[in-house]
C-alpha cells in the first residue's frame, strides 16, 4: 500500500433486499470494468416506496482502485 | 414525477433486529396516516445498549410523499 | 438518565458479514473494558475489497457510557 | 417578529423550467394548506435527465410559518 | 423506548432573553398541539439586532414525539 | 429503476448567463460521451468577476447514468 | 494569479426577481467600495414570503479580491 | 428589508459568565465601529479551562449589517 | 502552549437547568480523573421532554488536556 | 476559462514523505492518462502508522480538467 | 485572553512551493494592514495545474485579531 | 486487518515548523502510551500568531490502534 495511487469512482447500487446487498451490487458492477478494486466507503442511502413499503434501496458507494503504473 | 410537489416528513424507526428493520418500521408508521409515499432517505443511526449488547437500533428517515393537488 | 455524565469512546468494528455485525463487534469490544455502556451512534462505513468482492466491512461507532460518580 | 414561534415544513418543488420556478411551486403548494408563511430556505437541487437534457428540476425548500397562538 | 416510532417536527422559538428561553418556547408551542413529546435537539441559533443590541434570539429545535400506534 | 446500477460523474459547467445555463452545459457535455444519463445533483456554484461584474458562473454537477449490464 | 493574496468578504444580496439577480446585487455592492474583485462563491439562499408568494430572495455570497501589495 | 444588501462580519466574543454574554459582547464590539447592525448567527462555542473549571467562554458570531447605498 | 500535545476526550454533561450548567458538569466530571484540562468545544445540544416541558439538557463537549511528557 | 466544461476526477496519492508530495503524486498519476488538467482541491488526509511512526501519507485530491469540445 | 473580542478575516494565500508557505503568505499579508493578529485556522486548499504539474497552491485561512477597545 | 477492532483517540500535536511535524508529534505522543497504532486521519489545522508571523501550528489527528483481544 506504499506508494500506490488510487482512483476513486462513485457508484449507486440498487437492491430490493437491503443496504448491504445494494453496496455489493455497486462493487460487483464496478468489478466488471475495473481491476484492482481495493476499498469502498458508503455514502448516501435512499430508496423508493411503493404501496407504503420499501421497493428499492439505493446506496451510493465510493470505490478506490489501484492505478496501474 | 413531472410537476409534482412532495412534502417531506422525518420519522425515527426503532427495531431490536437492525437498521433495515428500523427503516421499514418508520416507513410503515408513516404509511398509516399518509398516502402516496414515494421515496425515503436514511439519516442518523443511533441506539441503546443494555448489558453490553445492542438493545435497539433507532434510524431517522426522511420520507417524501406527493401532495394531492 | 437525569444528571448523569457520559463519556464517549470511538471504536471501529470490523466484520466479514455486514454493517450490523461490525457495529455489534465494536460494542462487544468496548464492553470488555468499560461498564455501563448506554448508547451508540453509527459513523462512517468503509471496507476492503478483494478479488472484486467485499472482504470486510469497517464501521466506526461512538459509544456513550456512564461515568461512575 | 418578536415572540413568535415558527413551524418549519420541508417541501420539494418540481419544475420543467428551472430552480426559481421549482421553489415558487413549493411555496405555492405549501400556501394551499398553511397560512402565515414567513420565510424559506433553499436546500438540495436535483433533477431528472431524459434524452441527454434536463427534464425536471427538483428543489427542496424549508418553509417557516407562524403558529397561531 | 423499545419499538416506538417517533415523528420529528422542526420549530423555531423566539425570545428576548436568551437561547434556553427560546428553546423552551419552541417546546411549549409544540406541546399545545402534539402529545407525547420525548426529546429535542438544538439547531441553528440566530437573532435580530436593534440599536446595536440583541433584540430577539431565534433558535431552531427538532422535537421528537411518539406516534400513537 | 429496479435493480439498476448508476455510475456518477462530476462535471463543472460554465456560463456567462447564469446558474441553470451552466448546469445545462454540464449535462450537455456529459451527454456527448455517455449514454443513459438519468439524474443530476447541483453542487458548488462559483464564478469569476471582471470589472466589478460577474463574467462567468461555474456550477459543479453530479450526473448519474445507468451502467449497461 | 501566481503569488497573489486574496481577501474574502461575505455579502448578502437581496432581490425581488431571483437568485442570480441577488448574487449580482451582492457583487455590485461590493464593487462600490472594493477594487480588484476576482471571484465569488454562492452560499445560503433564503428569502421572505408575503401573502403566500416569494417577496424577496436573499443570497449570501463570498467575494474574493486581490490585496494590493 | 426589500432590496438591501448586507455585509457580514465574523466576531468572537469572550465572557467569564456564559454563552449569551459572549454573544452580546461580540455584538456590542461590532456596534462600536459599524452602524445598522441587523442580525446575527451563532457559530462555534469554545473556551478555556483553568484549575478544572471554565475560565472563559468564546463564541463566534456572524453579524449582518446594511450597507449604506 | 508551544510544543505541547493535547489529548481530546468527549463528554456529555446533563443538567435540569440549562446549556451552560450541562457544559460545566461535563468539565467538572472530566476534572475528577484528568489533570491539566486546557480548553473545551461545545458540540451537540439535545435533551428530554416530560409532560410538555424540558426535563434535562444534554450537551456534548470536547475537552483538551495536556499530555504529561 | 470562459465557456469551458470541466470534468472532475478523484485520486488518492500516497507518499512516505508528506502531504504535498502525496498531492503531487496524485496529480502526476492523473497527468499520465488525462490531458488539460487545470486545478485541484485537497480533500481528506489519512495514512498508516508502523512501529509508532507515520509510514505513508494518503491524500485524496479532486482534479479538474477541460473536456475537449 | 480574558474578555477580549476578536474579529476574524478570511484570506487566501498563494504559493508556488506548498501549503505552509501559502498560509504564511496569507498571514503576512494580513499583518500589513492589521495589528494584534492572534490565531489562524486553515480552510480549503486548492490550486492550479499547468503542464501536468502543480503551479500554485491556494490556501484559505481565517485569521483572528484583537479589536482594540 | 480482518476481524480486528480499532479504538480511536484524538490528539492535537503542536509544532513551530509546520503541519506534518505537528502530525508526527501527535503520533509520537500517542505511541508513548499506546501500542499497535495503525492509522491516522488529519482534522482541523489551527495555530497561533505572534508579531505578525506564525508561532505554532496545531493539528488535530484521529489515531486508530488495535485493541488487544
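For the reader, a short list of remarks on this structure follows.
Letters A, B, C, D, E, F, G, H, I, J, K and L mark the chains as written, and numbering starts fresh at 1 in each.
One rule holds in what follows: contacts are C-beta pairs under 8 Å (C-beta built on N, C-alpha and C of every residue); 3 or more make two chains touch, one makes a residue touch a chain.
Keep in mind that what you see is a predicted model, and the values were worked out from it rather than measured.
Annotation of chain I and chain L: jointly contacted by C, touch as defined at the top.
Averaging Cα coordinates per chain places chain B and chain F 30 Å apart. Between the Cα centres of chain B and chain D there is a gap of 21 Å. Here the CA centre of chain E is 38 Å from the CA centre of chain F.
The distance from the centre of chain A to the centre of chain H, with each centre set as the mean of the Cα atoms, comes to 44 Å.
Across the assembly, chain F contributes residues 10, 19, 48 that each touch 2 or more other chains. Every pair of chains in contact is given here: A-B, A-C, A-F, A-J, B-C, B-D, B-E, C-I, C-L, D-E, D-F, D-G, E-H, E-I, F-G, F-J, G-H, G-K, H-I, H-K, I-L, J-K, J-L, K-L. Chain C contributes residues 1-8, 10, 62, 64, 67, 69 to its touches with chain I in the complex. Those residues of chain C whose C-beta lies close enough to touch chain B in the complex are 19-20, 23-24, 27-28, 31, 37-42, 63. Residues 9-16, 25-26, 29, 32, 48, 55-56, 60 of chain I touch chain C in their complex. The touching residues of chain B, counted against chain C in their complex, run 18-19, 44-49, 52-54, 57.
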